[in-house]
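Before we start, here is the structure in question, set down as structure tokens.
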Amino acid sequence: MDKTVIRAKDFSHFFGAVPVLKNINMEIFQNEIFGIIGPAGSGKSTFLRALNRLNDLIPSSRTEGTLEIRGQDVYAPGISVVELRRRLGMVFATPVPLPRSIFENIAFGARLAGEKSRGRLAELVADCLKKTALWEEVMDRLETSALKLSGGQQQRLCLARILALKPEFIMLDEPTSGLDPISTMKIEETLRKFRAEYTIILVTNNTKQAARVADRTAFFLNGELIEVDRTDKIFSAPSDSRTNDYISGKFG
Amino acid sequence: MTRLERNERLIRLALLLVAFSAVSILVVITIFIFGEGTPVMFKYGLKKFLLSLDWFPLEKSYGLLPMIIGSLFVTAGALVIGVPLGLACAIVLTEFSSKGLRRILKPVIELLAGIPSVVYGFIGVVILVPFIRDNLGGPGLSVLAASVILGIMILPTIISISIDSLEAVPRSYREGSIALGATRWQTTRMVMFPAAKSGIIASIILGMGRAIGETMAVIMIAGNAATIPRSLLDPVRTLTSNIALEMGYAAGEHREALFATGVILFIIIMVLNTIANLTSKRRAP
Amino acid sequence: MRLHIDPKIEQRFFRALLWLLTGVTVFILFFIIFYVLKRGLPAVSLQFLTKNPVEMGKAGGIFSTIVGTVALTLLAILIAAPLGVGSAIYLTEYTRENWATRVIRFGSECLAGIPSIIFGLFGFILFVTKLGLGWSLLSGGLTLAFMILPTIIRTSEEAILSVPYSYREVSFSLGGTKWQTVTRVVLPSALPGIATGVILGVGRSIGETAAVIFTAGSSLHIPNSLFSSSRTMSVHFYILAREGISMSNAYGTAAVLIIAILAINVVAYTLMNRFMRKYC
């Protein structure tokens, strides 16, 4: 059953006078992996950051239209941005482990939310590391610096970090762009397992990744949503010629 | 809105108050110095103030020229001594010696920056001044003595910051040069040094600032005669010594004249800082 | 025709020259320390450190000056550090970079370079005279605080600005508020730099003479209130040396000063190393 959990209604996003998202009308369903593809500068990352309001950090940022999560407008006045961001975990393109131990990295979000009990934190950390298949590799060195992990491990650490907040949504912004194929594969496997528990939005530069992993895929171009459909349909018989051109590599 | 988010506004206000207080203090200092000092400068005549040779404050004659020249000579002398020695040290420690040596010596040299200036002055009095007096003539309390001691005092500043600048040059520059067959010295002279130039110049300007601002050491060894020195062995008085020597008993307009000296120093520092900022913005290609 | 020198010979020459100059430099710097310590340490004893000066410092110890130094430095840091770090936080994290922040930064840089004698003059006129605080710990402490404030603001700002933006983004995206981000991510990473600035301030306060003589006075009594006049070790050393009261005591005071500064730097260095190892 396709239940809509995120709905963009005529949603536009501006930085000062420059529109970076133009009139987006889109729905994302519960427990799906939703892929977003498109060339650089098409607004894919901006859309993610509009969802968790990370763009608020940019002073000239302005929105029009509505962006709803479970029926509630994300930009309504009085909304707790803090709670919003806990619900929408975000993984960035370059893994950013904080300069602390592996344990403290994962516990970071929970501590922000007020969790103090060392016992509960330890359980939480173990749980998250197991979910991201990192536990076996680091269980005996939780107190060592996270900066010492490999790129692929760091990215899985960042994934585990957001799981600690028990989010509903996981948003990934080109998560494997700097990783080797094996780490990429491990992360894609993890995402497939997560589908049952979370709703996943995956922005990727790599169209083949979307084809492998996403249930439905959206194609963004110049801030506009060109087309969104089931992944197999997008990649075999797209409705818009521009989608076809992008996928076949005529531009990128 | 969570409670934490509601508190954010209070926190922001509190920090604003703190910043405002700090900035107000800075403003008060500036306004105070200029406020006390500029009226007398203009009442007496700016040109006369800066260019007259006669500093006889008790007779209302406020000519700063001997002190301006004194500060200039002594600072120049300090640079003549401090820059070659300091840069040589910085170059040797970064390019021609092991990392271990640098890790030991650099903190020690930085430590030397913390030695009170009166100690340096004292060393000057007991060792350098008699030496000059006995071997080179003159009273010993001289431009030379002041230049040497000030030069030594600014060494840690120049060395420390120059080392930082040289260390900040990307390793690829050095490796590329050596790969092209250059010797280490050629690499240093033609690649590393120019690349670190802006930082090195900044260190020299900072050293200059320290030399101009030094008071206690200079009072002890420069002789404090308010006349233009004609040779390295003549005594000299700097702008800073001028203030310190007379502050104890200055009153009324005399005191304002000392503030005016402070204004001149402030402007000099401002100019130096602007130059330092401009040179550090221009990065080596 | 250009004179061509074999690069290897050129290198040998300059290498020798540079090592010579370096040797001279290092020798001079170490000589100063050893000279003072050699003549000063014999005068330093437990009695020297715990007894008060007698006969204007000709005999006795330097206890009251140690108290004066500690009190003055503590006062200066307690005022300048929170003020300086707090405003650095506000200026970097809570405001956008605009003309005002640039002016403030330039102003701080200039004031950080102003000779301390001018602060002495300022403190003398404002605190000692106009505000009627007289020669006191309060006048001296306030003057020193104002003197080191610009440096603390500047170094704290630099330290905070050097923390990567991505760290902050991570904190925000995990639901951190601005204040949580500042205290849990930015400040811990910026702490080594901030601490350096504060320690620089401490060092400067301990060694400061010009600004202190004219504001805290030179009383040899142990200060018993913020309004008492007091003498610091640097001032004591200066007076002993200048007036020729007692050379051995002068050297002794200088030796204690140098060792104190050395100890502070070493402690700071080790603390910072340990801190960085934990957080990096």
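Labels A, B and C are assigned to the chains in the order they are written; within every chain, residues are numbered from 1.
Note that in this section a residue touches a chain if its C-beta (ideal position, glycine included) is under 8 Å from a C-beta of that chain, and two chains touch if they have at least 3 such contacts.
Computed from a predicted model, the values in this text were never measured in an experiment.
*Asks:* Averaging each chain's C-alpha atoms to get its centre, pick out the one most distant from chain A.
*Replies:* Relative to chain A, the chain whose C-alpha centre sits farthest away is B.
*Asks:* Which chain is the middle one, judged by CA centres?
*Replies:* Going by the distance between chain centres and the overall C-alpha centre, it is C.
*Asks:* Looking only at C-beta pair counts, which chain-chain interface has the most contacts?
*Replies:* Max contact pairs: B-C.
*Asks:* With chain centres defined as C-alpha means, what is the inter-centre distance between chain A and chain B in Å?
*Replies:* Chain A and chain B have C-alpha centres separated by 53 Å.
*Asks:* Just curious, how far off is chain C from chain A if you go by their C-alpha centres, in Å?
*Replies:* About 48 Å, centre to centre.
*Asks:* List the centre-to-centre spacing of chain B and chain C in whole Å, with centres computed as mean CA coordinates.
*Replies:* Each chain reduced to its C-alpha mean, chain B and chain C end up 16 Å apart.
*Asks:* Among the residues of chain C, which are close enough to touch at least two other chains?
*Replies:* In chain C, residues 177, 180 touch at least two other chains, as defined above.
*Asks:* Where in chain B do residues touch two or more other chains at once?
*Replies:* 4-5
*Asks:* Check each residue of chain A and list the ones that touch at least two other chains.
*Replies:* Within chain A, the residues that touch at least two other chains are 82-83.
*Asks:* Along chain C, where are the residues that touch chain B in the complex?
*Replies:* 7-8, 10-11, 14-15, 17-19, 21-22, 24-26, 28-29, 32-33, 35-36, 82-84, 86-87, 89-91, 94, 104, 106-111, 113-122, 124-126, 146, 149-150, 153, 177-180, 203-204, 206-210, 214, 234, 237-238, 241-242, 250, 254, 257-258, 261-262, 265, 269
*Asks:* Would you tell me which residues of chain A are touching chain B in their complex?
*Replies:* Contact set of chain A toward chain B: 78-83.
*Asks:* Under the definition above, what is the set of chain C residues touching chain A in their complex?
*Replies:* Interface residues on chain C, with respect to chain A: 96, 166-167, 169-177, 180, 184-185, 188-189, 279-280.
*Asks:* In their complex, what parts of chain B are in touch with chain C?
*Replies:* It comes out as residues 4-5, 7-8, 11-12, 15-16, 18-19, 21-23, 25-27, 29-30, 32-33, 36, 84-86, 88-89, 91-93, 96, 105, 107, 109-120, 122-123, 125, 127, 152, 155-156, 159, 182-186, 189, 206, 209, 212-216, 220, 240, 243-244, 247-248, 255, 258-259, 262, 265-266, 269-270, 272-273, 277.
*Asks:* Which part of chain B faces chain A closely enough to touch in the complex?
*Replies:* 1-2, 4-5
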